[in-house]
Amino acid sequence: MAYALQRFGQMLIIVIIALFAVFSTQRLAPGGPFDGERPPPPAILENLRAYYDMDLSMPAQFYAYLFGMAGREIEANGTAGKAHWFVVPKNAEITTLGGTTDRSTDDDLFVRRFCPWDQWLGQVLPGARAHMRENGTVFRKCGVVRGDFGLSMARRSIYVNDYVRDGLPATLKYAIPSLLFALLLGVPMGFYAAYRQNKPADFIMITIGMFGTVVPNLVMAPLLIFLFAVQLDAFFHWLFVETLEWIELARRQRTLNLIPSGKTGGVMHYVLPTLVLGTGLLGRIVRLSRAGALEALRSNYVRTARAKGLPAHVILLRHVFKPAILPVLTYMGPVTAFILTGSLVIERAFSLPGLGRQFIAAATDRDYTLLMGTTVILLLAIILLNFIVDLLYTWLDPRIRRGGGRS
Amino acid sequence: MSLLNRERNEEALAAAGEVLRSRSLTQLAIARFLRNRVAVGATAIVIVMILLATFAPIFELLTGYEMDYQDRNFYSGKAPNWDAKHYFGTDQNGRDIFVRTMFGMRISMLVALVAASVALVIGVGYGAISGLAGGLTDTIMMRILDLLISYPLTLIAVIALAYFGRNIFIVFVIIGLVEWQIMARVIRGQVISLRNSDFIEAARAAGVRPIGILVRHIVPNVTGVAIVYMTLIIPEVILVESFLGYLGLGVQEPNTSLGVLISEGANSIERKPWMTYGPGMFLVVLLLALNFVGDGLRDAFDPKDR
Amino acid sequence: MSAPRTPLLSIKDLHIEFDTPDGTVKAVNGINIDLFKGEVLGIVGESGSGKSQSWMATLGLLAENASTSGAVLFDDHNLLNLPTRDLNPIRGNRIAMVFQDPMTSLNPYLTVETQMIEALRIHQKDMSKPAARQRCIQMLDRVAIPDADRRLKQFPHELSGGMRQRVMIALALLNDPEILIADEPTTALDVTIQAEILDILLDLQRERGMAVVFITHDLGVVAEICSRVCVMYAGQLAEVGPVEDVFTDARHPYTLSLLKATPRAAQDTTEQSNEALYAIPGAPPNMRMPPQGCPFEPRCACANSECSQENPKLEPLDDAPERLKACFRQQSSAELTEALNHGR
């Protein structure tokens, strides 16, 4: 547990560094989200940049992004201070969300400048003053740490959170099944290949492993689309359309169609993406679990187990399983990376509305906030899975459990 | 003939009860590699593909790289047609897919070579520093590497390419930056085992400066391993390049790469599947062959890990 | 000693070959060994002489790339071609084995308890878990492991090397085997612990009357605990006989060289104090291409042309039929010693 937590802490540090790296490079890189074909007038541009905190220094911007606070001086009468949230002194004039002008009655009032076009929109937050008095700090309502990714920069009326809420399930719908597919099929296949080393079964498994590793997603996807969607569709048409009308009916109702079309797809729309991603993973997992099992099978302790007279299945399950599964577990980190990278290809090939698509869109549109949002989600997925892997590791390997680290 | 003599020599030595250490490790490794029929076959395929890519301009003479002007309407977006010498068909602009595939392979191989070299330099540098420094530096550097391997650096490459333009040299460098970690780890292991070896100890005792040790003893001994692992990196690099090309972030028109071609084909897979067949087949065969060559080389140099 | 005793286990013309990427290694070339009830048989030889492999073969524990011919007869079965299903009831139950490296021979991922209980319950199916546990504790007590109850719950990495080897011995003896094969059980241990382990092993042997095969390269240990000894060289038996006879009156030049190459702390001060330790010239033959004649011939001080032509067979000595040797030279031990010293 201590080991896993320690690793988690390290990964968290890396995540923050990685986030800062992405954050600063995208802002320092030439070009920006607001220079399209018809750039806005300089005054509006300045406001836009202020609204997104882009006029601050890089560390301050990052701080504001994480904690939702720009960390500036609060100026008298609420005339300046270009931040998401800030404290307005007593009797300052503000425009409320309703559009009417108001004067602050409390000494602490929270205002959110909601619209970039030089309109000051505010919202009174009850309890803010009490909170400030108690904690000596400002009440923070937004920022990544509070789960608020801010507004998209390319489409300024949409919150990044909404993108994520749409994209994440779409990605998980094929990512998790493909991982399960690869693990549940690949590990037994690898073990069996190791057990039957140099026999035909082993050769078949190695070949499957090789092809899974070598045929890239971007070849597999169009191939499967062509085979299943185009050819199979034609085949079904030829086979059934004249004789069995209900099949055609079902096909028209998209229950037999394996290609996702439209935003909300049924289960069938995720079969091919799962297969494409799954076979790539399967190949890698077969190779790893085979190598792990082979090493364990050649070990001295398996020789001892054989000398005890244990039957093969007991040796495989009790003596070989744990050490052989460890390399597969270690590989789970890169597997997450593989899935995330693969999601870019798969979502493009199958027109799925997942995170990968949003990631590319964000990168090409320079949508800083959307890119940061998807990056945060991807990094969180990685450290979460790595944390689970480390927990499993500690559970599996007694040498880590009782002190010491992974060698 | 000389091989026969060598065998006879071996027999004589064995009869004398001598332990056989007459051949150098490299010679042994080459002999082991040559015995691996799959690896040798794969090497032949790779060589053929390198030749095809090198002489791609010759195929251009066959049908022309630009659209086929003989009868544009007839030859644009048509299925493979042997009479018209469009063996893989043509794309929607009437360009011959086979010629395009050859040119794409050319770029893919160029990227592979340059990016793998970038990865080699970074990996060897990082691994050597980590291994030579030892102690806390080594621990920290390895921890960082450990964590980096879990992160999809390819995604960073996507961001970087989207932001810093799609110049072909930027593509080279960025892919190289993605694929160096395994190399670094292997080199570090090699350097550590070398550092603890007697002849380095002797050199150090004789007062050779660290730089001298690095240049004269460590580098020559690490080169073999580095080259073996470079052959394992090359298919990875080609994969990353085709991935970026598929996403439209790789090389730009009029250049093309296998990934770009597959991407173009995938867009019209329902009506023009042949646009994907050729480049896809070449990509898969190339990756497969390179993998076999790399595995064969690794097995030959490091037989215990088979 | 009645003449025609029936052996408990007998190895008949055993050959073992390993198929490696660099050629076929002929590790064992036609050995014959009889093992009798209640004896402690020492197997001595250099590393690579095939001494371990020949006994691994009896339990079918050879690596995947090995192929065997010949026979290992035990209880009317030929263990070499017995399918694993029929071999398993014998393994660990009637013939048990203790391995050389206690650090890696126990599974690091399982507790001592799991590894001991499974060995018991696989052969005694009706034994309950608590009963099996009780038996394990008894056995650990017997091999002088204090606090056995706590030790059972631990993982191998929490035990010291000597402790692990004692666990291995306890593990091997759980099912009261008729034969215990101990493959260099003390090589990896400190000298003091080595003596303890040997004592425990001998005690248990006397107590149960089982046959012990003791594989080692340490002639001192053999002299101490074995009743009979087989000297192996390059996959063949060089000399076989009662320990005292072989060690005091060695008839094979290899045995003699081996004895002279062994430091003897007690005797060094008296007889050989001035004499440097003998070193056998040359190295063992390459087992990918074993020589056609006697494998020891290139290193032998007494060899002549006959030795390089033909491989001598293992035959009984004229004056002592219970002793066997594989050598054409029919000199006495003294004459051979003379030749050795002269040859230097």
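Letters A, B and C mark the chains in the order given here, with residues in each chain numbered from 1 onward.
Going forward, a contact is a pair of C-beta atoms (placed from the backbone, for glycine too) under 8 Å apart; a residue touches a chain by one contact, two chains touch by 3 or more.
Note that the structure is predicted; figures quoted are calculated from it, not measured.
> Report back the single chain whose CA centre is most distant from the CA centre of subunit C.
Measuring from the centre of subunit C, the most distant chain centre belongs to A.
> In terms of CA centres, which chain lies closest to the overall middle?
Central chain: B.
> Approximately how many whole Å separate the CA-defined centres of subunit A and subunit C?
Between these chains, centre-to-centre, one finds 59 Å.
> Roughly how far is subunit B from subunit C, centre to centre by C-alpha average, rounded to an integer in Å?
50
> Measuring from the mean C-alpha position of subunit A to the mean C-alpha position of subunit B, what distance in angstrom results?
That pair's centroid distance is 29 Å.
> Write out the stretch or stretches of subunit A touching subunit C in their complex.
197-198, 298-312, 314, 318-319, 322-323, 396-399, 402
> What part of subunit B is in contact with subunit A in the complex they form?
Residues of subunit B touching subunit A: 143-144, 147-156, 158-160, 162-164, 235, 239, 242-243, 246-247, 259, 262-263, 265-266, 269-270, 273, 276, 280, 283-284, 287-288, 291.
> Could you please specify the touching residues of subunit A with respect to subunit B in the complex?
So the residues of subunit A touching subunit B come out as 10-11, 14, 18, 22, 25-26, 29-31, 210-211, 213-219, 221-223, 225-226, 229-230, 333-334, 336-338, 340-341, 344-345, 348-349, 359-360, 363-364, 366, 371, 375, 378-379, 382, 386.
> For the complex, give me every residue of subunit C touching subunit A.
59-61, 63-64, 84-85, 87-93, 96-97, 99, 101, 104-111, 114, 118-119, 122-123, 155, 157-158, 168, 171
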